[in-house]
Amino acid sequence: MELFGVSLVLYLLGALGALCLTGREAANRVGPAGALAGSLVGLASVFSTPASAASLFVLPWGLPIGDLALGLDPASRLFLLPVYVLGAACAVSGAASLGGPHEEHCGQDRRGPHWFFFNVLLLGLSLVMAARDAVCFLVAWEIMSLAPFFLISLHDDEVEVREAAWIYLVAAHLGAVCLIAFFAAFWAATGVTGFDALAIAARQGQLPGASLLFFLALTGFGAKAGFVPFHVWLPEAHPAAPSHVSAMLSGAMISAGVYGLWRALELLGPAAPWWGWALLGLGLATALSGILQALAQGNIKRLLAYSSVENMGLACLGLGLGCIGRQTGNETMAALGLAGAVFHVLNHAAFKGLLFLCAGEVLHAVGSVRLAHLGGLGKRLPVVGACFTLGALGIAGLPPLSGFAGELVLALAILSGIDLPGLLPRVGMSGALAALAAVGGFALAAFAKAAGLAFLGEPRTPAAANAAPAGRLALAPLLFLAGCILAAAAFAPMLLSLAGQAALAFPGLDPAPARAALAQAADILQSAGLVCLGIVALTLAVLFLRSRLLTAHGVRREGTWGCGYTAPSSRIQYGAGSFVEPTAKILRLPMGLSRRLDMDAGYFPARGTLTVTSPDQLKLRFFTPLFEVVARTCDALKVVQHGRVHLYILYVLATVVLLLAWKL
Amino acid sequence: MELFESVLVALICVNLAYLAFTRLRTLARLTAVQGILLAWVPLLCAGPGDHGHALLLALAVLAIKGIGFPWLLARTLSRLEVNPVIEPYLGFNLSLVAGVAGLLFSLWLETRLPFPPGLFPPLLFPAALTSIFTGLTLVVARHKALTQVIGYLAAENGIFLLGTPLSGQGSVWLELSVLLDVFVAVFVMGIALHHISKTFESIDVGRFCSLRD
Amino acid sequence: MLEALPLVPLLAALLVLALAADGPRRAVLVAAGLVHAALVAGTFLVPQAPAYGGLLELDAPGQLFLALASGLFLAAAIYAAGYLRHETPGPKQDFQDGAAFENAPERIFTMCLCLFLAAMTVVCATRNLSVLWVGIEATTLSSAPLIYFHRHRRSLEATWKYLVICSVGIALALLGNILFSVAFYDPTGPGASMQLADMLPRAGMAAKPWLKAAFIFILVGYGSKMGLAPMHNWLPDAHSQSPSLVSALLSGALLNCAFLGILRAEQVLCAAGMADFSGELLVLFGLISMGTAAIFVVGQGDYKRLLAYSSVEHMGILALGVGIGGGATFGAMLHAVNHSLTKGALFLVSGNILALYHTRSCHDARGLSRALPITSALWMAGFLAIVGSPPFGIFVSELTILKAMLAGGHPVAATLYLVFLAIIFVGMSAPVARMVQGPLPPATRQPAPEHWLAVAPPLALLAATLVFGLYLPQAMTAFLNRAAAAISMGG
Amino acid sequence: MNTLAQLLAAFVLAPLLSGIINRVKARIGGRAGRPILQTYYDLAKLVRKGAVISRTTSWVFATGPAVSLAATAAALLLLPGPGGPAAIGFSGDFMLMAYCLGLSRLGLILAALDTGSSFEGMGASREAAFAALAEPVLFLCFLCLATDTSGLSLSAMLGTGTDGAMAPQRLFVPAILFVLLLTENSRIPVDDPNTHLELTMIHEVMVLDHSGPDMACIVYGASLKLWLFGALTTLSVLPVRQMPPLSAWGTFLGGMFAVAVAVGLVESGMARLRMERVPRLLGAAGALAALSLVLMVWR
């Protein structure tokens, strides 16, 4: 806990130092240094105590409402893990990218504030995970929510960036409003603000309108985590933000939404039956729509953003399983669902952080992250390519990486629920498993597309052909995260039991069967690990054999066989639009693809253009019109301020008369 | 007491007349009539004890409301060379209807309030409220800044009327405030009118609608 | 000390009138602000006995608003020292319609500023309803020339509207005061006193229907000065046309003074046991004001009007908080503090923006962060503060009010409150973000570095509200609680 | 011991299946056909050859086939057989099997994209799309088996037979698995392994550029996959685990032969479906699986 405090202070120092040094080169060293040091100390604080320990500190706090109560329990620690790991990696990566030669369009004087807000984001995230009081949590939450607005708008001379930053700000605030309502209503109903006191009050007295509170929490935290239909800010914000910020947002900040939902479920106590099913359904809908839209994207960062939506959906599914399990008394399902959710969040943070940082390197090297501009980068940026492939393998949930382990735990939780009493629960669970499988299949397609089109084949533009690898400083965080991922793959069972600590601390669970279920799941991961080991060993063996055989019989290098076509160019390669065409034929609506074919008239058109775009349909069809309707209504109502003073007097007169007639 | 009631009825009539006349000069004269009528009120409703106070008040009202202000209005009128015809937003007949509605509303209001015995002479409360409502109707329903000032003054007169029975209660603040209000109406609005006419070559505040949403 | 409070600005006004040179005059202005602030600070240290035969008397709510007015005046006076240096005399061209105009003489402007402070001091430092009324009337008188500083036709229009609406309002408030004395009429008693100290103990015996009528008139009357919808219409015009430091004073201090008028009436009603009646009306007007502000904030193209409508919103929140009662009254007092500080800072910052771009349009004033980095940071921070984001103070007060609303059983009001706040956030965020971000418009030159006189006052005000968002001293909490108790207990 | 024998049988006998299929097709077409061991000859020849590798490609091109083969082989570790349970088994292991096959597919897709050829890109995109659609159907099949046998691991749900009468919904599962076999192994009616028009291919067009040992990996991997699905289909219907060892082996191999013959018959009797029809076929299979699942759960 002391170390945790030190890390907060380091963040604060980094923030203020960077702000004070605005305009000097040193800002780009002090800011990242603060973030790095704070993260490393924080990491030490997470590991310095046993995983199951819980601590609580109430510090003096100057406000008449709430308390400055901070504490670390297993759930906090686990959700802090991505914050610290990514905080360290992104600080280094950001220092490299903002200090490098790529930043000519970013005014020098903007780095001080940038690092200020980066440190503030880390500070806010740490406080969110540690807050044990509603008011304190809200303050931390808002600080955490506001900082990214400034981080996203680093390159605010581009109109898309401004637009994205604004969308982010609005989404974050609307979510926060729901949370304010949630905590205020909770506070008003119980009269206390401390988390422990709230939980006790909720357990003792039947909370009035608990379902409404749950709905508010789901909306508020869902807006942060990017659950459908509140995900619209993600695909806008991530491409606009600098990559180290995207990595931070996607890996750590949106996880805070899941964390918040976790806390809300803890606080609300005994769940109504529909909560778990609502979470399950929402999670699956989010995951499916997220991955389908990810598949449709032609911009790597947008693709990654939608993939984050998908993964948060899976985490929500885990929480839903936990809820259903707790409510039906199925401890196995509850423990595995909750542990699976945390496990998945951890995995996602590592993979997505790595992928976004790789995307950032691509952006620096090529100047674009649109798949139509990339290709063949694997040979030009070998480390980045390898890291991206590794991340893609992991995020698609393929063995032998721990992404598979996470999904397996979720699947085990579902499987333990297929003998629930009643037809509907069973059908629901089966549907969930099938949906999980579909998500896995589409994730594979999406990341095959991302990795394959960006890093393999021939470069599609001269910029991609001339891409130059980044410096060592920029590669260090990639390798660090890749190392984390490999370690996680090797120690997946241990990671699960770590995640299990959070599940065991969840109130309302019988620890003994839950512990047994977790132990069994760890065994299963062990066995699965054997198979994974088999895969690695066999691959190596086959590769060894292959190299022996080829040295014996010789290799000839030729051009790619063109199937008889003699003038191939890099433009005839399969592109982002064509790659998803078979899927789009069936699933155009959920993928949100729209295509336009412009062709000259006549039988032999000289020119034809096919444009395939994938705007967010929900934003296009729902939110934008909604905002327009509100704006138009307000405009129409503005006639009351017409500028004629005598009518203003009429308002006053009418008010008096009406009040007198009404009240007397 | 009959005299008092006839003064009040006369005040109500003057109020309605405000709404019915079409020339600014007539309105200015009406304010003089109202001021003179109003000057009677403190005298008539004063108790036996404090005639001196009431006389002082009556004189002050006569000087300010009966003479000073109408004179100022007339002077402004002749100086500014405004179009002497009032342009209404709300037609004269409709304005009259509004005035009568104000009267009826005041009478209704009187039934809703328990009157402390001996404080208000009969008819004073509705007369005062009618004056306020017609004054504000004049502000609402007419174009020119001058009519708005006149309407505002009529409303002030109503408030003064309502306040007079309380003047015997020992506090001078009430009277002072009424007088201060008149001061505002005359001087501040007079200054503003001066600027308006200088800037716009007219005191038609109907053109004042450039600030809006 | 209480005797001296209104005298200091009055004397300063005379002095200013007498001085010929600009420099000393500005010094006198700042000095008056400083002395006044010091005296006000002194009233916190030494309890004050009533002065001038009981006409001036300080209680907790009055002291609170007095301190706000004084502090804000000091900030505005310092800002004015820098501002007036750029407002040279002589003919100018209006940037909006190109018409020629001149500024009012600086002597008049400075004098009216001092008189304005004197009037506000009287309003805050009295517990006599008549004196209060006279004081509020005097604020109207002294502030009208301030609004008409730039003598062009739009500011004249704004001044005229301000005068007409506030005069009508003030007349209605006077009527309300008269009705109060009718309610307290006692043929056997010593006569109608408008001293709160006399009224509150007897409030229980007062005639209830008359109290109701009186409260309605006072609410509408002072409400039109305070900017409660639908009587708020002068507010955006006056705030947008007056010099920014005047807007800051109007919004941060004058509106509070009018609110104090309503609070005094509320005190009487609470003492008479009619808090339900008055509370209902205050909640109603609060919500209408917030809703109106929400409508006008969305799509607002003029940043000073944007701030003005935000003031309407916050006045609505104040009314709402007091109307809800209980913990919300404390919240409302805290909110008044935070709103004054924040809005004052925002208007001062808007003055810097206006000085650079010569336009009040949010669409044309772009790229602020590149042109004026400190101003843009203050603008953004002020925006976050005013819409109630932590760690600024308004978050705390708004949350307190929300909680009290939910605990007091006003779920519908609470829902509307949140919806309006959310709409206002969205509506304000778009123009503010647009102004702060992006490249400079091509026609604008890169300006000189910002002068400390232009950024220090808003910076200090924002720093104060930031502090109140993180740390409220015990003494201050106790004081605000005392003010809230004085209102809701009726004494 | 038995487990080892099962694995050995799979690794040795897998290439035989395609020989049988080809022979059946040839017989029905009235031809003599290729030798039944042709795939073995092909493999032997490929291993002994050098390779021609495109200049465009990177290490991914070389690793892809190896990963693909390794992943498929690892999936076989999870497959139970006539002799006993699988080498490695745990509840939910079918998910690992499916994901191993996914990894194997990803290896080939990436290798195909590495060539920069539009044709191979086309194949990769089709493979990815259809496999993603097949995945939930496969899971539904496993779920049906799991509810039917109350076992959550492949060893528990396959080859154990069912207690109780042979209800009609139980026949759905082998039928769907058979459809999946056709899909996943690029057989008619989903794909035509013997076509010569690249535009209509799925799997074959992905591997156009591979040669020598790489091609051998791919061909052998495809055989293993065919064996895997054949075994799934067979074991889902035949209760071999309850039989004495010899007859169990006999029944199992007989079943595998029958599956191969059935594939041959289908390939002889049907034309390739149009590309848009494939999802419809999978959709129908999925609907059938869902129906079967509901019927089982409902009991």
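Residue numbering begins at 1 within each chain, and the chains themselves are lettered A, B, C and D in the order written.
The rule is short, and it goes like this: a contact is a pair of C-beta atoms (placed from the backbone, for glycine too) under 8 Å apart; a residue touches a chain by one contact, two chains touch by 3 or more.
Model, not experiment: these values are computed from the prediction.
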- Item | Pair exhibiting more inter-chain C-beta contacts, A-D or A-C | A-D
- Computed over C-alpha atoms, the centroid farthest from that of chain A is that of chain B
- Query: Quick one: chain A and chain D, Cα centre-to-centre, how many Å?
  - Reply: 35
- Message: From the mean C-alpha coordinate of chain B to that of chain D, what's the distance rounded to whole Å?
- Response: 99
- Message: Distance between chain A and chain C based on Cα centroids, please, to the nearest Å.
- Response: 43
- Message: On a C-alpha centroid basis, what's the spacing between chain A and chain B, in Å?
- Response: 69
- Query: Residue numbers in chain D touching 2 or more other chains?
  - Reply: none
- Residues of chain B engaged with two or more neighbouring chains: 109, 112-113, 136, 139, 148, 205, 208, 210-211, 213
- Send over the residues of chain A in touch with two or more other chains. 638, 641, 643, 645, 649, 652, 660, 664
- Note on the structure: Chain pairs satisfying touch are A-B, A-C, A-D, B-C
- Of all residues in chain A, which touch chain B in the complex? 638, 641-647, 649-650, 652-653, 657, 660-661, 664
- Interfacial residue positions of chain A with respect to chain C in the complex: 62-65, 107, 109, 113, 135, 138-139, 142-143, 146, 153, 156-157, 159, 162, 165-166, 169-170, 173-174, 177, 180-181, 184-185, 187-189, 191, 627, 630-631, 634-635, 637-638, 640-641, 643, 645, 648-649, 651-652, 655-656, 659-660, 663-664
- Message: List the residues on chain C that touch chain A in their complex, please.
- Response: 160-161, 164-165, 168-169, 172, 209, 212-213, 216-217, 219-220, 224, 230-231, 233-234, 236-237, 277, 281, 294-296, 298-299, 330, 369-370, 373, 377, 384, 387, 389-391, 395-396, 399-400, 402-407, 414, 418, 421-423, 425-427, 429-430, 433-434, 437-439, 470-473, 477
- In their shared complex, at which residues does chain D touch chain A? 47-60, 62-63, 65-67, 69-71, 73-74, 77-78, 88-93, 95-96, 98-100, 102-103, 105-106, 109-110, 113-119, 121-122, 124-126, 128-136, 138-140, 143, 146-147, 150, 152, 198, 208-209, 212-214, 217, 275-276, 279, 286, 290, 293-294, 297-298
- State the interface residues of chain B toward chain A in the complex, per the touch definition above. 89, 105, 109, 112-113, 133, 136-137, 139-143, 148, 205-206, 208-213
